[in-house]
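Below is one structure, written out as structure tokens, with a few remarks after it.
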């Protein structure tokens, strides 16, 4: 097969953004197919819709499997056009184990497995795998990069908060179990049940399926709620600040190729900037 | 009709803020009428109030329609006093399709339609249109401009978050459907039902009409809640920062007509400022 | 009566903070009495506590009324030691109508009224007035000043948000009423009922006493929730930023009596600072 | 006993982080044992797990007590290797009353007490003490330091907010009690019950076990909710900002050993920095 075909396929599939910043027509069609697949899986579970249009759903699924299989094969075939997967340093296998390629495989593989494994439970779980086709949209999203940057920037604080939340959750579940177990042996049957109470309460969801009724339980619940709400809301505040910092740094990187010293007018060489610096403010006062 | 009348009407209706920063008497009266209309529509739906004062509500509605119709006609008639709607570049039609003019039309049109379309369901929906008269207040609000600026400033991040919320919602609804469908075939009858659970939970509303009861469902629910709450609260944090940035930029634009270079004392020419710059902090250190 | 007594009383009651930053012993005792009063009113409503210790509660109330009456009379008598209430510019009446003096009056007056108005309903409402004695703590709190500064700093944005919340609330209540009234004529009996749903939902409280069950209602509810949560959480974010700004400005005002120009070393004269400036960042780049 | 042994034990137990930033093998094993203990206590309360594996849980508990007792004794014995606990200024007793040493004692002491006090209720509460072994993880956590710094930085604002929350809670509970007591004498039986409503509502948990049903109660509830939500969410926003400030200050302290004046190039002496300064922005404009 001539190399030019492979190159042409590669460019269509992998060069995600053209000059105008939009995916090309082939990728747009694939995105649309992914969205339609997700909508179809969701609608299939509605009884009367499936009763009425069952065969259409099945046909659409088979059609999608076909398209996604072809897409997967073409991606694997053409990936070696990418310098980083070209032999000898790399090969098709190294591409096949990247997260994006795995997502593409998982989008089609479960369809072929039932021919091999004829287990009924497996067939049901297949529906979930079809739903996860939504992850194929990651191919076309620069958004994930932003999230990744923000999480990386704030990973220390987020880890600390997750740890604190878990300690608070276990401690308050233990206290609540002791306080309520005798009064509500059904609802607070064990500490894991009390932890379910803790999560539903600290996250302020409050379904109303489980709550304290004894004075001691209510007192513990009140203290836990007042302490814990700040803790659950903290990560959102931190992430919001992280977004602002990451975005600000990007804008600056785009617009200002170099800083100029305000004293001598010399160009300051392009430093490798750390997004955290944006969070810091240099104030200097000479007295 | 003499041009001076049209000019006079135009100035009364469109010059929203006088020197003292308040709408004039005519506009204040129209605002009051809008508020009274909204209050009337709300009170009409209370059974005993309507039984007692029905005719008064009806009379007030007819009276309001009359005023608003006159207002709409005068606005259309006088709009060509505005340079941007003056012929030949523009005309009354171009004004009639602006959002504000559409709101004014929708505030009165439904009243006249039943004479043409005598459909009972339509008559009921009319109540909603009367409620939407509240949007007429947009005429007198500089507030919308602020919101618009903030949304424009943060539109990229908000879009990214909306996308992530939708992906999380669909994924968790699918997982929860698989986990709970057998235990609660009524509540988790389909993935759309599970999505209702997802929204009510991730938004931390938690009505208690639908929640997981199986251990797997509770585990999935716990993970989704911990991951998702930050995501739902993020936009609020971002918007709050956007407000501070937009407001700061405005204040600065008002107070400081020009910056002066701290080194040479020269006036720095009024640059067209980007509100995002306020989010960035320039720290410069020479070593 | 000699002037020195009045001065002595005035200094004890009004000079809130001594050198060590703590209220003096008399004011500490009055604060303690207020706290004990509030605790007593709360405990009185618990049936078995009142049955057991009723007379003690009554005696403590009479004792407190006595103390607070004496305190009020002494404050009125000694207020003219304060230069701003000294004749001829001011007098005791001008002091008596200040908010703090009104709070002190309301703390004792309801006790004497039943001798004049012997209405049973009034006697019950008296309990509330006794609870409001908690507001007497405002005498000793610098905290209110901080809140006041923050609210003043952000009043424009908060007003805008309150307006938007009300518009969203009315619009969504109207839509939900149309969607759910036929399916749940009891719960969604009128638009005011639907507004109760709106507040409970947008604030993410979600008691579970009223929620949509029709597909349309759930769709409207989902959209309203996603739009509205950011709006309800926005004020908290803004106020948090306001606190940081106000506090930063105070700290700076305390520590740095004057700024020094970093170029020429001259002292910059103490400008009357605007807390909003702290939210702005001056970045200046000369290229 | 030779001093070298004691020194060796001391270094293993107390020198928490080696060059690679990780605890050594002994401390890792102790951390794992703590985590396993907590998991065991949680699982024991699940009926069928305890029925099946009861003896294993008991054996594991005895084994853990043994290890933790040896750990405690070794810590007490070796603590005097630490200069600050060395005689004559200090001694083993001074170490034994530090919070961390108390936690270690509480982790084992309750096991030995039942031999002395044979009270059944005490034996049950022992489970809680075993759960609190999770606090032993504090030995290995730099996280607590961060939290401590943030709380210290924002303690004034947090105190002010806690005070305001309590005042709002008591006031709204009083109002709600008056409004709802007659309609729901069971749910709103006393002001403490109404305070439970207030906490569950202001924290937006909303279990649905207690809520207003009268028009006045709903009106009060609506106002309280709109006022109060901002207040409950404020601390989270403040703490998030505090984290950013503390983290920024640390990063700066690590990376920049000294600031250089941008005018004269001289090194500015290492000032003792106040984390609050990061929240302040010095803008200086000379005109």
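Here the chain labels run A, B, C and D in written order, and each chain numbers its own residues starting at 1.
FYI, a contact is a pair of C-beta atoms (placed from the backbone, for glycine too) under 8 Å apart; a residue touches a chain by one contact, two chains touch by 3 or more.
Heads up on the chains, UniProt names are A, B, C, D = Ion transport protein.
Computed from a prediction, not measured in an experiment: that's the story for all the values here.
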Copies chain A (Ion transport protein) and chain B (Ion transport protein) - rotation angle from C-alpha fit, nearest 5 degrees: 90
Same or different residue numbers at the chain A (Ion transport protein)/chain D (Ion transport protein) copy interface, by half rule: different
Geometric centre distance via CA averages, chain C (Ion transport protein)-chain B (Ion transport protein), whole Å: 30
Euclidean distance of C-alpha centroids - chain A (Ion transport protein) vs chain C (Ion transport protein), Å: 42
Multi-chain contact residues (two or more partners), chain B (Ion transport protein): 192, 195, 204-208, 232-233, 236-237, 240-241, 259, 261-263, 280-282, 284-286
Interfacial residue positions of chain B (Ion transport protein) with respect to chain D (Ion transport protein) in the complex: 204-208, 237, 240, 256, 259-260, 262, 265, 281, 284-287
Of chain C (Ion transport protein), residues touching chain B (Ion transport protein) in the complex: 156-157, 159-160, 163-164, 167, 170-171, 173-175, 177-178, 189-192, 195, 201, 204-208, 211, 213, 215, 218, 221-222, 225-226, 229-234, 236-238, 240-241, 261-263, 276, 279-286
Complex contacts: residues of chain A (Ion transport protein) adjacent to chain B (Ion transport protein): 38, 41-43, 45-47, 124-125, 127-128, 131-132, 134-135, 137, 141, 143, 146-147, 165, 192, 195-196, 199-200, 203-209, 232-233, 235-237, 239-241, 243-244, 247-249, 251-252, 259, 261-263, 268, 277-278, 280-282
